[in-house]
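First chain A sits with chain B, and in the next complex the same chain sits with chain C.
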Partner chain A sequence: MTFWKKEGTQKILSSLISILFGLFVGAIVVFIVGLCNERISLKGAWEGIRLIFIGILSTGRNASGSLTWGFNSANIGNMLFRATPLIMTGLSVALAFKTGLFNIGAPGQYLMGTLGTLFIALSIPSGSMPGWLIWILAFLGGVLGGMLWGAIPGLVKAFLNINEVLACIMTNWIAANLVTWAFDESNLKNMVEGTKSGYIYKTTYGLVDGTYVDGAGIATTKLGLNKIFPGSQINAGILIAILLAIAVYILISKTTLGYELKACGANRHAARYAGIHDKRNIVLSMALAGGLAAAGASLYFLSGNTEFFWSTYQSLPSTGFNGIPVALLALNNPIGVIFAAIFMAMLDIVGLQLTNLTAYNEYITDVIIAVIVYLSAFSLAIRMLIAGKAKKKALSKSDGPAPAAPAEPAPAVDLAPAADAAANTEKGGDEV
Partner chain B sequence: MTFLIQQTLIYAVPLMIVALAGVFSERSGIINLALEGIMIFGAFMGVLFVNLAQTAGWFVEAKAAGNWMALQGFELLAMLVAALMGAIFSLLLSFASVNLRADQTIGGTALNLLAPALVLFFIRLIANQNTLQMAKGDAASWFMIKKTTLGFEKNADLGFLGNTLLHKVYLATYVCILIFIVLSIILYKTRFGLRLRSCGENPQAADSLGINVHKMRYAGVSISGALAGMGGFVYSLTTANCTSNGDVAGFGFLALAVMIFGNWRPLNIAGASLLFGLFKCVAAAYSSLDINGDGVKMLAKIGISSHVYRMLPYIITLLVLAFTSKGSRAPKAEGIPYDKGMR
Partner chain C sequence: MDDAPQYVIEMLHITKEFPGIKANDDITLQLKRGEIHALLGENGAGKSTLMSVLFGLYQPEAGEIRKDGKPVKINNPNDATALHIGMVHQHFKLVEVFTVLENIILGAEDTKLGFLQKKQARQKVEQLSEKYGLQVDLDAKVEDITVGMQQRTEILKMLYRDNEILIFDEPTAVLTPQEIEELMSIMKNLVKEGKSILFISHKLNEIMAVADRVSVLRKGRYIGTVNTKDTNKQELSNMMVGRPVQLEVVKEPAKPKDVVLHIENMSVASKLHKRNAVNNVSLDVRAGEIVCIAGIDGNGQTEFVFGLTGLEPLTGGKIELCGEDISKYSIKHRGMNMSHIPEDRHKHGLVLDFTLEQNMVLQRYQEPEFQHGGFIRFDNVRSYAQRLIDRFDVRSGQGPITIARSMSGGNQQKAIIARELDRNKPLVVAVQPTRGLDVGAIEFIHSQLVAQRDEGKAILLVSLELEEVLSLSDRILVMYEGEIVGELDPKKTSAQELGLYMSGAKRSGKEGETV
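Up next, the complex of A and B:
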């Protein structure tokens, strides 16, 4: 098998094509809007297009008003910092996909993780125990909150046959209200800095004699990363996220549990026939996914320089939803998730650059992400095109047990038990 | 009581029409998870149309002359635009899932991501803020039907029914109910409806009888897109004062839940959406709600946190689904790309 015909190569290529196509669509939108809008003109459109592709290397404008380029340590450090929670939510969605579940509940799990982490980090009086212990407790508390929240859709899916997509959506909104309620009743609202309203204390605030004092709390260690990327928010969280991604990779590909989870994803009924507890695995998979998404929130809010806007009952955190494109782009590969998340974080920074430097705004990067997700829905077809196979062949093959494409978790499309059974029996037939 | 009924209808009608949108798509065999996105897109297009038409001065004279018939026509026109654009937007879903045989759940998710991104991108460019409003006046003064618009005296008593159904209402609400009834009949009593439903149950059998499955699925998704787009605009007109901000507060997803709760049947869906409309209405207005008209605001007095009321629709959905999911029967072939060669 030559290099170009390897499955791994084709998978990566199909993702790269999706990315390039998404960026081009973004550039085209920017170009057309620039032509139609006299405020922007062709020069502004050209600036916008350049920023979309290499905005991460932008260093602002010089005295004569043209864009300057170069290594921007603050941008790259911030990119890695923003990638941290995205890696975790991406892992969450990818792990659930492996079990044939579509975890659209990552925003809710992320919120529950925020709740657990902030309550523990801010409620323990500083000095009563070492800071690193508080950090670990807060992290674990957040993860536990997310696991419990993720287990709910898993439970109703396994035992009541409620579609997990719907259950996740409902638990998302319940979580949004629950979190708002809990913080509303709490005394963790930032009262010290008078100019800010609606925010919870940063974790650098610590409880000293009943009042919150800045600097007495905890924050993730920087491990010298801030020396490499001066001016950015980066900390050791990114390393923890990468380690967790490797751990998930080992769990999925090297352990019995991972094999059982994957077997449930491929064909739940066949897995049960082979003696695998399919219901237990569904609940476990959702709980683990919830824990991972919540860990993202813990890492983000324990960094010490992030604040949580607590009145969130009308909106869900986009970090949670962005786990879906990350997982799809990475084709559910935990190692791939690291790179996909860094790419998404880069788009985030690019969006900020667009808002700050041009008349465009950051939502164009969301358009790019949406286009990439749209393409990944038929990445199998793209892969077939790369492989240079005839269309007819591609159609007949996509019914078989095509390995690990995002199109593969077909069980995710069952909106009801009847369809579920039908889909699976027919798939099972093909696999024999 | 009048207030309660009117508010419930305002929430229930968009839910009902969007849930029916889901039915048309799923009965043809395509899961439409993109209802939320299409609603957002339709709402934006409708509001944009109103805004542009006002800027161009189309109905300004009619408004100045108090010609309310023309203004109602304006409202219907905006609904039509929203429906049309919703149908066009939904072509993205049908193209991916019918022609390219893509995963329908992911395709729908992509549309759900795309709609708010596109909408907010353009709103920011057009309005320089995150909300697009009407260019002149507000929804109440332009589109709302009141006693006085119908020629009654300001303090005339129209009786309970008159007060409820003719005062401070939107024509859109009744048009949606009418469309709902007509489309339900089409789905069950016409040749087209039967063919559409057969494609969601057994497309192979339908194909063997000469029905073009791809065409029927395109039709199903397009009708679905039109209804969802219109529902989105009606939602923004009646609850958000005809503004668009790239958000419909999860109504599209709630409509999906209503559809499943209603077991993919129009009559059950109408009942389910009324129930959810009631809960939404209570959540939005519990503090000023006077149920039996004796001036005592009962719900506010109980002293339950407003957060509980806001959570209630979602908790109830989950509970209701827990009890009804065993008996629910989805279209058999939904979510499975049609393949002629399959057994």
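Up next, the complex of A and C:
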């Protein structure tokens, strides 16, 4: 098998092409908006286009007012920091997809993770136990909250055969209201910094003699990453997320549990026939997905430099939903999720750069991000296109047919079963 | 061939290639108006590809299609429909959540101001169904009806569209002998009305009974066309397989030993109606014998097997396997002493999106040979799959890593049979193990089952095909409306007598308690 015909190559290539395509369309949007906006000159539009593609390397403007480029440690560090929760929600959606479930409940699970994490982190008086233990308890508490929340649609699906999408959407809003209510009733609202309202204490606040003191709480260790990326919010959370992605990859592709989960997802009836507990596995799969999404919230809020706006009953965290495009872009590969999440976080940073450095306002950047995300979701279609090309090439190469020789692997097997049935049958034609 | 006949469809020198393979290599097929023309060939001979070309699903690399002598270009199924070519596919193309009526009119709906005119459609379908004796419940959802009724729905779909060239792809695979006879007379009627039929089948009996001419394909090549009245079954099967084929099952008389499976008053609830689908069934299967449950499709055989294997709970009765009461055991627990070749190989038998090797260890992945500490031992899985592939001659494009979906039906079935027989359990439950397979594959599977019997396994065969029932089994139990209505000795009975039991016209004793 040559490099270009490998399935993996085609998958990665398809995602890269769709990303480039998305960036290209984003650039066109920037250009058109620039033309329509009298405050933006042609030069401004050109700056915008360049920022869309390589905004992550922008270092601001120099004295003469033109854009400067280079390694921007703050940007890159912040990108990795923002990617952390996205990796987790992306993993959540990807794991569910791999097992045949559509987890649109990541926002709710994320919120429940936030609830569990913040309550534990802020309720344990500082000094009563080592900080690292509080951190671990808070992290696990969040994960547990997410797992329970994810298990609900799983249970409803397994035992009542109600579509998990429906149950997820409802549990999302239940979570939004539940979380708002719980924090509203709590005494975790930030009263120290009087200028802010509606925020919960950061985890750096610790409970000392009944009052919250900044610096007495906990925060994820930086592990020296802040030395590599000075000026950024980065911490060890990104490493934990990457480790978890690898763990999910191993779980799915190397273990018997992963095999069971995939079998249930791909064909529940066959799994049952083989004696696999299909119901248990559906619940387990959703619970694991919920735990992963919640872990994203835990890592985000335990960083110590993030604040939770608790009155969230009217909106769901976009990080949860963004797990879906991340998983799609990664074609549900857990390792791919790492890169897809980093890419999404990069778009975020690029948006900020665009707002800060040019006359484009922040809302246009959201539009552009949406366009890019939307087009990125086409990676599957592009994969089909590449696979089709490869097939045609194989066809034109094989002048004399050699019926006994094993047929060239047909990559898009699941997409064109009939055609590939023929292609893959060693000695016959197709199925008759 | 004659010079004069009016060919309604001609496929001349069709060549269709897929990467690495010529599925059709210079094939010529000429269909006369008003004839039944059989297309005969093994799995993978290229019959379906040829029909897909005719139906516009594939474009041939070379060759020409003529309708009434004029060249036509068929780019997609719509073109085929416009030429009044209709097809009943081997794997039904029905919308599961739609009713039978909705499926029949789908794509050819009569509308008035954008509203469906179901009443007229219903009338027309009812007329057709009465005229051709195709019994269907128009308001039942397809997912709830039997495979046999789904087939009839497909045929009605074609008739509803007034097609004049009718392609039947393995239409009899799921029908009972009586239904097959009916279908045969329907086909003859259709031909009398001037329709032309292309009849794809492996079943030599049917071809001999109904077809006027037969074209034989083998491995993508055209072997020849013969008149059925000038040939016989043996000659046809030799043409098809390319070597002399054993049409009869060769086996010694059974030497039954201890009872392996003992079922007492077993009942299973029905999903379609309030009564039990399986009612008070008692039977024994001994080591070293093949016991066949015969019956018309939908008489409780499926539910019986589900109850036995644990896919559905029992509503009453007791199952003893190897002396152990397993009626409350889980599917997995029952599987310790039981292999199950399921009726529906796509639904239960295989995870189609898994590779062949993943499918080969579907029940066994937790055995120490295939996992260590929860991690799959991929090299052992690979070598095990390769061993089964070699032993059972499962053909696929990429061996163990072939996606199951891409394999031909016959090889999918062979893979399941390889997996189940290699598990080496005292009881083998085989449900329609040869459904839709060709002569060569059937010969192989039958010989495997007989070999298992001779090794001392108890074999419980569930089959709808009379020929298989009569030739393979040592004892026949007939199931009718969920009850065992008779026990027959295959050596002393006939297809006619069996048919009478199957249709409920005859039963021995009361409540089937003779068993």
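Of note:
Operating definition for what follows: the second predicted complex is superposed on the first by the 365 of 432 C-alpha atoms of A that agree within 3 Å, B and C clash if a C-alpha of one lies under 4 Å from a C-alpha of the other, contacts with A are read in each partner's own complex, and residues count from 1 in each chain.
As a working rule, a contact is a pair of C-beta atoms (placed from the backbone, for glycine too) under 8 Å apart; a residue touches a chain by one contact, two chains touch by 3 or more.
Computed from a prediction, not measured in an experiment: that's the story for all the values here.
For chain A, the partner touching the most residues, choosing from chain B and chain C, is B. In the superposition on chain A, A:H269 contacts chain C only, with no contact to chain B. Applying the stated contact rule after C-alpha superposition, one finds that A:A94 touches neither chain B nor chain C.
By the touch criterion defined above, A:I162 lies against chain B but remains apart from chain C after alignment on the C-alpha atoms of chain A. Within the superposed three-chain model, A:F378 lies in touch with chain B and out of touch with chain C [touch as defined at top]. Contact with chain C, but none with chain B, is seen for A:T256 once the two complexes are overlaid on the shared chain. When the shared chain is aligned, no partner comes close enough to touch A:V143: not chain B, not chain C. Of the two partner chains, neither chain B nor chain C is touched by A:A241.
When the two complexes are superposed on chain A, the residues of chain A that touch both chain B and chain C are 395, 398, 406-407, 409-410, 413-414, 417-419, 422-423, 426, 429. Taken in their complex, chain A has these residues touching chain C: 254-257, 259-260, 262-263, 266-267, 269-276, 391, 394-395, 398, 401-403, 405-410, 413-414, 417-432. The touching residues of chain A, when paired with chain B in their complex, are 29, 33, 37, 102, 104, 156, 160-163, 165-167, 169-171, 173-174, 177-178, 180-181, 184, 313-315, 321, 324-325, 328, 359-361, 363-364, 366-367, 369-371, 373-374, 376-378, 381, 395-396, 398-399, 406-407, 409-410, 412-419, 422-423, 426, 429. By the touch criterion stated above, chain B contacts chain A in their complex at residues 26, 31, 33, 92, 96, 100-107, 109-111, 113-114, 116-118, 120-121, 124-125, 247, 249-250, 253, 256-257, 260, 305, 307-308, 310-311, 314-315, 317-318, 321-322, 325-326, 328-336, 339, 341-343. Only residues 16-25, 41-49, 52, 57-58, 90, 200, 219-220, 309, 311, 330-333, 335, 340, 342, 347-354, 358, 362-363, 365-366, 371, 374-376, 395-399, 402-403, 405-411, 438 of chain C touch chain A when the two sit together in their complex.
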